[in-house]
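Here chain A shows up in two complexes: once beside chain B, once beside chain C.
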Partner chain A sequence: MSTVTMRVWRGDANGGDFQQFELEKNEGEVVLDVIHRIQATEAPDLACRWNCKAGKCGSCAVEINGKPRLMCMTRLDTLPEGAITVTPMRTFPIIRDLVTDVSFNYAMAERVPALLPPEMPEGGYRMFQEDVERGQEFRKCIECFMCQDVCHVIRDHEENKVNYAGPRFFIRYAELEMHPLDTNDRRDLVREEMGLGYCNITKCCTEVCPEHIHITDNAIIPLKERVVDAHYDPIAWLGRSIRRKTKRSAAEAAVQPAP
Partner chain B sequence: MTAVENSTKVTLGGTRGGPDVATLRTDRWWLQPVVTMSILISFVIYSTWAAFQNKNYYVGAALQRDLISPFYSPCLSANCTPGSSSLFAIHGWTWSPALLILLFPLGFRMTCYYYRRSYYRAFWWAPPACGVADAHGTYTGETRFPLIIQNVHRYFFYAGLVFNGLLTYDAFRAYHQPGLGWGVTIGSLVLTLNATLLWLYSLSCHACRHLCGGQVKSFSQHPIRHRLWKFLTPLNAKHMNFAWASLFVVALTDVYVRLVASGAIHDIRLF
Partner chain C sequence: MTTNYEHHEYDVLIIGAGGAGLRAAIEAKQRGLKVGIITKSLLGKAHTVMAEGGMAAAMGNVYPEDNWKVHFRDTMRGGKYLNNYRMAELHAKEAPQRVWELEQWGALFDRTKDGKILQRDFGGHRYARLAHVGDRTGLELIRTLQQKVVSMGTDVFMECKVLQLVHDASGRVAGCVAYWRANGEFVTFSAKAVILATGGAGKSWKFTSNSWEGTGDGHAMALWAGAKLIDMECIQFHPTGMVWPLSVRGLLVTEGVRGDGGVLRNSNGERFMFNYVADMFRAETADSEAEADRWYDDHAAGRRPPELLPRDEVARAINAEVKAGRGSPHGGVFLDIGSRRTPEFIRRRLPSMYHQFMELAGVDITKEAMEIGPTCHYIMGGVQVDAETAATAVAGLFAAGEVAGGMHGANRLGGNSLSDLIVFGKRAGEGAADYVEGFQGSSDLDRAEVESAIAEALAPFERESGENPYDIQRDLQEMMQANVGIIRTGAELEFANAELDKFAERVANIKVSGGRAYNPGWNLATDLPSMITVSRTTTRGALERKESRGGHTRDDFPKTDAEFGTFNFAHQMTQGGTWQSSITTERSTLLELPAELKAILEEAN
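Moving on, here comes the complex of A and B:
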């Protein structure tokens, strides 16, 4: 029977350190299995979040060998030989052991202005399949917040958290901006208050996404291009002026906030 | 519009878990930035050298060929090698003609979303790799000068299309060898490959995808732009490949033309 060495971060807001465990390794096991065995045998007070064990709830996000990953989806046999390091997500304040306080994300979620459809036309709202498909990719997000964790804008610069929504919410903004029934214009918001310009396209969010959402290519860059349309492209401005824009301006939206 | 009012305030601070080290990654995360840095520095050194050479950039009728280096096309200076000049010339410009035009392809690549990812990682270390601490105490990204200039990418894209058209014309001309007539040479194939890869690089650009269809709110109301967007989306997924391939081949094309023009090699006529 082969063994595995686990170095698991133990601690809380007062500090902590690695604790090392030597356990037997069984074929097909994932990191979460081993963490559970540690809880069952050697450290019953080891704190970690988990729920579905199927990569669909996002609860068991931690950093394995320094990279954000879901414990339930990381097979031991895919990791290099040697000790496996398991630490809590670095970007968020520690609660205990592998559990972090991710409330930053909930605060950012609250700030997103909701969809504002036009007045109900006769016969109700209608959406065509191609428009539905466009936003479907973004709906796959399981809110594991690993993209937020790996984003260096807030991972390495705490002060930016005040004005930076992060990749998870940029896909939400992109989804709403691409929604054919939405009448809000969020381009000023993402540029001025949500820190879209902080993103420098390093694509780490896309690399770690367990749902393989093309966060950068399909959400952040299209949002950046929409901001360019609004603020840095005089030809686009001229085109809008001639054709008259169909979306509400920032001033109009402020008068009638989203429901 | 503004964010929803009365939302929960973000609380800064709080102790973070894990050790205070730059990274816990054990793989060779440094390899990619090192390779990227090496390739880009090599290209910058070579292209700077080539741009200042001001010779051996055109193979003309004397060698029964019509090949021009992409670094020098269009040749706009008054002292272009005979046969290589364009419809008009900028009189008074006596330096290398490459210096007149290289700003545009350079600007296109410098502001390209893919290259931004690469050089922010390789040169600026912001961050050098995912999960590795970036090398700066503060960070403002692309919100301020000079990096806010990255937003002009689409203008370099427009300029790039003009250059692609010119280089395509150059490739077409390369199939007609003065004194011999129409035929295929290694040089004509190299110029064609160069123009093709530059078109693929431009068409796979994120700004192109946005302008062709991505900017519309409803695909169902813009079926032609939706088709264009669907056509460009798989190309866009390979933007990185086209970025590197076109970079290599544009340098290779200059090397080839330079070698033929200097007499170091002969441009073989295939048929």
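Moving on, here comes the complex of A and C:
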């Protein structure tokens, strides 16, 4: 029976260090299996998040050998030989061991102006598959927040967090912008308060996305184009003035519609 | 001695942030009430995200002949008539409106050619009825509700674990006591109404599709607080869970694979389901492969394939094939869609199944068959509620979603769970809001209950010695899997019942190491009393139900007995019970069906 060496970061906001564990290696196992075996035997208080263990909930994001990964989808046999290093996501404050405080993301979610559709006709809305598909790609997001973790705008710049929504929310804004039913206009908000301009499209977010969402190409770049068009292109400006009859302005959109 | 804890007050307090809890929150919030939601995970991670295939609603978008009556009939037949008929009726009538409503909040379902919501076939549903988004419908549901709840400014307490419901002096449920997982500090909540939306209990079994959260907290807390649990013996073993590698054993494979053309084969390559069609379903099930295959394209051209019988039937058949020595190398059977549909079709319709098998098992499902077998998936049993209001037997306490019992009878049809969440989540929100508006008085928590719950939670730190909670959990799961699994016998159930007393003693002697801040060992120690309570009521109900029906199969009583079809087994504790109190089990007579609904069940069988 071969063995695996795990170097797991343990500690809290006051600091910590790596703890090393040697375990048997079983066929087909993922990193989360090994963490669970450590919990069940040597370290029952080893803190980690997980829920579905199937790559569907996004809870178990950590950094494995320095890269953001879901523990439940990382098979041991896909990692290089040698010790496996597991550390918490670096962009977020540490709570304990592998668990970080991801409340930044929930605060950003609160600032997203909701969908504002027209009144629903009897028997439901009519939308076409090709029109919903663009949004569906972004709604695959499992909110693992690895794209936020890897984004260099906030990874090493805590001060940017107040003015930067991050890739997870850029796809959310893109989704709403492209939503066939939406009448809110969030473009000024995205430019002025959500920091879309800080993103210089290095595509790190796209590379780590476990759902293979084309964050940069399909969401951020089109969103940048729409925002730029809205501001600097006179024809688009004219179009926007006309469209305002149906599409609400960003200032209005920033106010949550009444429930 | 009384300590002051962090305290919050709400009109409506919701425990659980899956589909039912979030839908209830939206409803109560729309009534202008102060609403709080407590979840033991982060928002958006509840087990609802795991639902794949879709939500059933008779919108008639694909088959215009579909309507609520057919859906009602399918649900009752699937549940082997043990259902609370009124819940099944309301569910069938209201599901379409609840699904359309989701689109107003941003959901993007797959579409028909004329732009309506596309509906897919599933087991036990006569017509293609499941609104869906590929095979990630649960994610779409929870994200839609989550975004709506957040946009309404609702308070959400994340990673906050509720230990126990707390009464006031009048004996009604007036709140709860909980702890913050991040720092281990205690917190109390008082409320005019409490809605339980805590989901399922599958974590008491070894092979399960449930996450760590499915420990039956709400089932247990309701029982301790004086409510009744019904049908706890009815556990759904989903026919298709992954069996290999061991690391993912039990992980769900959506029924959508079969709805979209996948078939089950044994080691001889035989489509064995044709040999397992019960009399009840014979008239509407194909009797040849050619007929079954015609049905996928046109439901009028043939009868349904037997792979799409209700889940209890398919799970038992797979179990029998494996037992007869016709299983796959790792103890399951084969689920084959790769030889029947194009790779493009499979990747478009079943993207997360493709991904799941490719990454976790190294199997390309567009080319190879999957190895699958039954996995503990869903508990039909739960808190007995009033169909209209979701009220329980205890004043101030409501329940919706998987934690509630009655809707699905002895077996749930696939797709009826997500629709259950939104139909009865809304009704629970309304029921609680009505109750709150008529409520006079205060919500002063019984301090003695608060203090005893906290003392019990802290006891594992104070013991000099004791057992590791993980050892107890593992042994409990193995014992329940072996003795209270898919096929049961009286002797094994008696054994399990006695074993559970020993497990209770072990749970009362847990030793937790480490501190209180984000300590999963401690968290498990606080889950185990719930798991014991669920296991006890399931075992008790299974012993009493001396027949086979839906998600309850007795090898020693293999037939369905009409007399057992007239009541549920209801479990209860005296009010103010603890997890160690004794449980009484009584027969609770089923509601009598009105003549017009009886007629629906009888027509076109």
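Note that in this section the second predicted complex is superposed on the first by the 228 of 259 C-alpha atoms of A that agree within 3 Å, B and C clash if a C-alpha of one lies under 4 Å from a C-alpha of the other, contacts with A are read in each partner's own complex, and residues count from 1 in each chain.
Everything that follows uses one rule, which is that a residue touches a chain if its C-beta (ideal position, glycine included) is under 8 Å from a C-beta of that chain, and two chains touch if they have at least 3 such contacts.
On a predicted model such as this, the values are computed, not experimentally measured, just so you know.
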Inset, instruction - Using the overlay on chain A, decide if chain B and chain C clash or can fit next to each other. - result: fit
Inset, instruction - Applying the touch criterion given at the start, work out whether A:33 contacts chain B, chain C, both or neither, answering first, second, both or neither. - result: second
Inset, instruction - Have a look at where A:115 lands relative to chain B and chain C in the superposition and call it first, second, both or neither. - result: second
Inset, instruction - Using the superposition on chain A described above, determine whether A:45 touches chain B (first), chain C (second), both, or neither. - result: second
Inset, instruction - Would you check which partner chain A:223 touches, where first means chain B only, second means chain C only, and both and neither mean what they say? - result: neither
Inset, instruction - Would you sort A:71 into first (chain B), second (chain C), both or neither based on which partner it touches? - result: neither
Inset, instruction - Have a look at where A:144 lands relative to chain B and chain C in the superposition and call it first, second, both or neither. - result: neither
Inset, instruction - Using the superposed model, measure off the angle between the directions from the CA centre of chain A to chain B and to chain C, in steps of 10°. - result: 140
Inset, instruction - Applying the touch criterion given at the start, work out whether A:4 contacts chain B, chain C, both or neither, answering first, second, both or neither. - result: neither
Legend entry - Touched partner set for A:124, first chain B, second chain C, both or neither: second
Inset, instruction - Identify the partner contact of A:179: answer first if only chain B is touched, second if only chain C is, both if each is, neither if none is. - result: both
Inset, instruction - Quick one: minimum Cα-Cα distance, chain B versus chain C, in the superposed arrangement, integer Å. - result: 8
Inset, instruction - Once the two structures are superposed, pull the chain A residues common to the chain B and chain C interfaces. - result: 12, 97, 101, 106, 110, 112-114, 127-128, 179, 257
Legend entry - Complex contact set, residues of chain B against chain A: 1-5, 7-19, 23-27, 113, 116-117, 120-121, 126-127, 130-134, 136, 138-143, 147-148, 151-154, 206-207, 210-211, 214-215, 217-221, 226, 236-237
Legend entry - Residues of chain A touching chain B in the complex: 9, 11-16, 18, 63, 65-68, 80, 82, 85, 87-94, 97-98, 100-101, 103-104, 106-108, 110-114, 127-128, 130-131, 134, 150, 152-153, 155-162, 177-180, 182, 184-186, 188-189, 193-195, 197-204, 207-208, 216-217, 221-222, 224-229, 231-233, 246-248, 250, 253-254, 257-258
Legend entry - Residue numbers on chain A that touch chain C, as the complex places them: 12, 26-30, 33, 39-41, 44-59, 73, 75, 95-97, 99, 101-102, 106, 109-110, 112-115, 117, 120, 123-129, 132, 135-136, 139-143, 176, 179, 181, 256-257, 259
Inset, instruction - Flag every residue of chain C that touches chain A in the complex, lowest number first. - result: 26, 29-30, 41-47, 49-50, 59, 100, 103-106, 108-111, 114-117, 133-134, 136, 138-140, 143, 147-148, 150-153, 158, 182, 211-213, 244-248, 251-252, 352, 355-356, 359-361, 468-471, 474, 512-515, 517-522, 524
